[in-house]
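Two complexes follow with chain A in common, the first pairing it with chain B and the second with chain C.
Right after this comes the complex of A and B.
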């Protein structure tokens, strides 16, 4: 069976692991700790695919009817 | 439980630091109890409560005149105190059966250890700690613990083999055909180590599992179960008291039998009976248990029934209360009121009061109110002395009280013109269902409101009632007038346009006034503008044959527009020509406003209507709420006078169409019938080509529907050609005031196909809809096509089909309202704590972000033009003066 990437599917928005600097700026922008971000489970297929680990923060860029594109951040948990 | 521990009630309000939920332990129950209850009797022959009975004076008092033996308070002061009943044998508490079952199945039957390896237990404890950090609920994890432990068949601690425990409703636990007694169950629970309880998600300090098996019962205070004295002087006890009497009786009988050494069988029966009474005491609607009944046969309302459901303590008494300072009556329209006013009948105004604190500067004024008393309108009903004591103002004491008034007192004066109140119509589905209005006290007995505010309340005047709430504090009045007044709610956040605007007659009135060039004499012009603020007429548009000046309707309308308004748009009457001629439109359907002057076009729904009104929309957004409210007021007054000047009536003769049109319609219908006949013929000869993805039967249905639909539309056009804009029904339909051209078609030309679930009517007898037709007839009239118009009248079969189609509509609305109501309730419960923060993120109460930017673009829809991109274009063009493409 041929392997394919989940991220290539049109219904899956773009996911990416962000680095410490960006994490800092996001947390600072909203004045929150990691725990106050929405969560995503480590066993989520997309998280497995991009190889994120517990404690990482994932940036999800969704298509939006109102804003064109909207960034969301999620904290990876067990 | 801090309060009842030492049976004293602190008189000073205290701040709540934390709330801990747990189970009452037998020790706690005995400690908070003021007395043990041992007799099932309530009162002695003199009607005095018996000591250590269910009405013991130490449990609190409900009869006036008696004093509580515990706290010394009188009826009303004493909050009541708990007692207790020592149960002869332990009994299971119904509410905990589910958890008891889980615990029994996952602990060892011999040593009571949780059936997991130490390593697993540690791992689970770690996970609990992690969830706690994220303040997530541990429920799922706890279920996993139970699920895992249940799988273990041999105890890892004592090596005991575990047996299957079956649970039988209502409260039997059967282990290999042996029924566990509550005593045995309690023993097992008692021996579970504290550390194991933590793994099961329980806190051993506040909730030991053996406390779920009762050995002592807390008896609620008498204030919780007051008895009532009937008119005959007989006492009638509360349902809970009845139940407690049962419990004490059986408890005593159990004791006697056991002491006398009765056979095991009898003991077991009594034990079960005690279990039954305790079960029904907590919950009288447990499945598998016959509900305990009153002598009259009515099921008793016990503890659970008091709390549960719509009329229960939570939804009925705490979330929904009846309030003071409110009024309710029928509503009726009054176009002479402003949109932010509400007409209040005198009878209501005399009852509704507003507290005014007396200071030196309003003393004389308040004296006048009090001196008028409660009977003459702007009077006062009560005064509060400085010590807080309330005095009623009567005809007898009003002068005396007025004299006594001094600073520091408070007067409850009657409501009067200009006071601010909240006005509401249920169901309150959006924020515009409750708005603040200014009071206008009027005669008669109904609330009056400007018909323009009907859309936000979804009100009409077929008998609707509305509620009014009088605000009692300065803060609430300030808040209401800044946030809740009608003019602040003209723009609906649902679609970013005005939800308040002209309706019905306002639209037809404006249409009649502004369409084409009308010659309006000076008298008429002044009469039209009489109720507005306009005091001067512009230069007349011209002079008529006799040399008298005249004005046009457009000029009159322009008087109520702001002076520097500029706007261009297509009116509702627009014929949607292929090439729009813009301001040169020959149908007067292109509206142009230049510097507050209506240059061209007709004012209709697109200009001033609720939901659509463009002029209204740009006035609110450019000039603000107050100016918009003034505009709506002027529009309603001008339009009503406008429609009265011409007159607008509708009768059966307005549906008359010429004979030749009637013939044309008949011809068209005959043509359609022939077309259908041809289709059927082709179908029966199997010559019909099925549409892609459809069967042949579906195809012919579709094609017949199509050609009949087209036929109906054609008849409509034929009729429409003979009904011009001089017809009042057409005026109303085209201007958007009420009704549609389809309604008119159905009245004048042809009602058309009746449908059930979007298909032609097929149900009825075997192979046919009615006995009037042949079996298998596919023709138009056999499946609900109504050729007649409402005016000509329907024939019997048509009438029947029409009723079939009409019924579906009724059923649909009935089902839809109940379903959408429940959906709304669920949505509100799920979303009520979400809040848009100042940084535009949406967060819940813990501060966890739900949406990073409200609506993903952070836009307040009331500040954008119908949620379109026009906002930016408008800003750019207003600054640069250039059109943006």
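Right after this comes the complex of A and C.
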């Protein structure tokens, strides 16, 4: 059996690393700095799987019961 | 002129609305076959209503959540043990379970896994049973009678062939596991079939008795810590429910569907699936616990709790060692629990309270920064033009 991808699990929403341009627009939209975003640890299994590094920002597309789909951002920390 | 679906989609696409609302708007407008003017009015009304139903700035959402979960919480049974669904596995429910969730305990008092099978085996009862035996821990007591033979200074293990066939355990693997686990030599009895003998190198009563105890702790097959597995047919497929939770090891077994397998142990979900999955698990477990008691709490309140618990990248408890204990303000921490300790520590360290939060401003008797209290008004002096 091939190793299953964590992102396929029904509890795990889609995670992706976003580029500088998108980071800028996100921070501008909320009017905050990077450190004020919610955090995610570098040891997090999903972060290991997508290969993000400390300082990156990941966009999480949550399936929300109230809004259908909701974007969420987390700052990768040690 | 009636608008085409593509035109409606184009009009709706960039509106500042959640995707659910947009979908409903598109499908309903297509069904009602509206024209351009009507569509404009609908969108205008919708945006207005959406804006009205949004929570207002400076609203104390945390307090509202606390009340909305706390009030029905008083109706919950203090101590309930119940059977999960129809499977005869005991799980903690009611208030103790809710406390367990918000306290972010490392291990719940009744850990339980739900294991789904791979697509090709969904209706294969024999395969489900096979997987069940691979998960459930098999100990010596399940397979054999162990007697301590004091005159000959040995342990006699009478294996039950039927039980061994049922669990698909071979005599060689039993011998190997025992030798490995106990560090002794195991031999097959020459006169009686299906009998194993463990002889001590040097005769000692104490060691023999210790060995007789220790032999029950050796896992011969399956996963350590899984006491029982129940196979049930639900929604046309076989599912396994386990008493005890070892998610990581179960995911390695071939033939299960790792994407749908989960546990009620939130700490374990955090370790194996990460923080976002843990957040979803908190929401699911809390909603299920409340619903099972016949209480309906809006999911937004529970989502807020789950967001706060998971916002630092790890699951934090609500309470002295988590959210409440990490507040910046000394007064806010002292107002929660162990007042004297917090004040004393803060005094020793020379902490300064900036009086930014709600609690500390109530304590010192100032207006709080909530609702209208958070708005500063600046007026222009008419004399200066």
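Definition applied: the second predicted complex is superposed on the first by the 76 of 78 C-alpha atoms of A that agree within 3 Å, B and C clash if a C-alpha of one lies under 4 Å from a C-alpha of the other, contacts with A are read in each partner's own complex, and residues count from 1 in each chain.
FYI, a contact is a pair of C-beta atoms (placed from the backbone, for glycine too) under 8 Å apart; a residue touches a chain by one contact, two chains touch by 3 or more.
Keep in mind that this is a model prediction, so the values were computed, not measured.
Enquirer: Thinking of the overlay built on chain A, is A:46 touched by chain B (first), by chain C (second), by both, or by neither?
Expert: second
Enquirer: A:15 contacts which: chain B (first), chain C (second), both, neither?
Expert: A:15: touches chain C, not chain B.
Enquirer: Is the number of chain A residues in contact higher for chain B or for chain C?
Expert: Between chain B and chain C, the winner on chain A residue contacts is C.
Enquirer: With the two structures laid over each other on chain A, which partner does A:71 touch: chain B (first), chain C (second), both, or neither?
Expert: first
Enquirer: What is the contact status of A:4 with respect to chain B (first) and chain C (second): first, second, both, or neither?
Expert: In the superposed model, A:4 contacts chain C only, not chain B.
Enquirer: Could you look at A:38 and tell me whether it touches chain B, chain C, both or neither (first, second, both, neither)?
Expert: Touch status of A:38: both partners.
Enquirer: Need the overlap of the two footprints on chain A, from chain B and from chain C, as residue ranges.
Expert: On chain A, the overlap between the chain B and chain C contacts is residues 38-39, 62, 64-67, 70, 77.
Enquirer: Quick one: which bits of chain C touch chain A in the complex? Just the residue numbers, please.
Expert: Those residues of chain C that touch chain A are 18-21, 23, 251, 254, 258-260, 262, 269, 271-277, 280-281, 299-300, 303, 307, 310-314.
Enquirer: Looking at the complex, which residues from chain A come into contact with chain C?
Expert: 1, 4, 6, 8-13, 15, 38-41, 44-47, 60, 62, 64-70, 74, 77
Enquirer: For chain A, which residues are in contact with chain B within the complex?
Expert: Within the complex, chain A contacts chain B at residues 29-32, 35-39, 62, 64-67, 70-73, 77-78.
Enquirer: Could you please specify the touching residues of chain B with respect to chain A in the complex?
Expert: Touching chain A: residues 127, 130, 133-135, 839, 841, 843, 846-850, 852-853, 855-859 of chain B.
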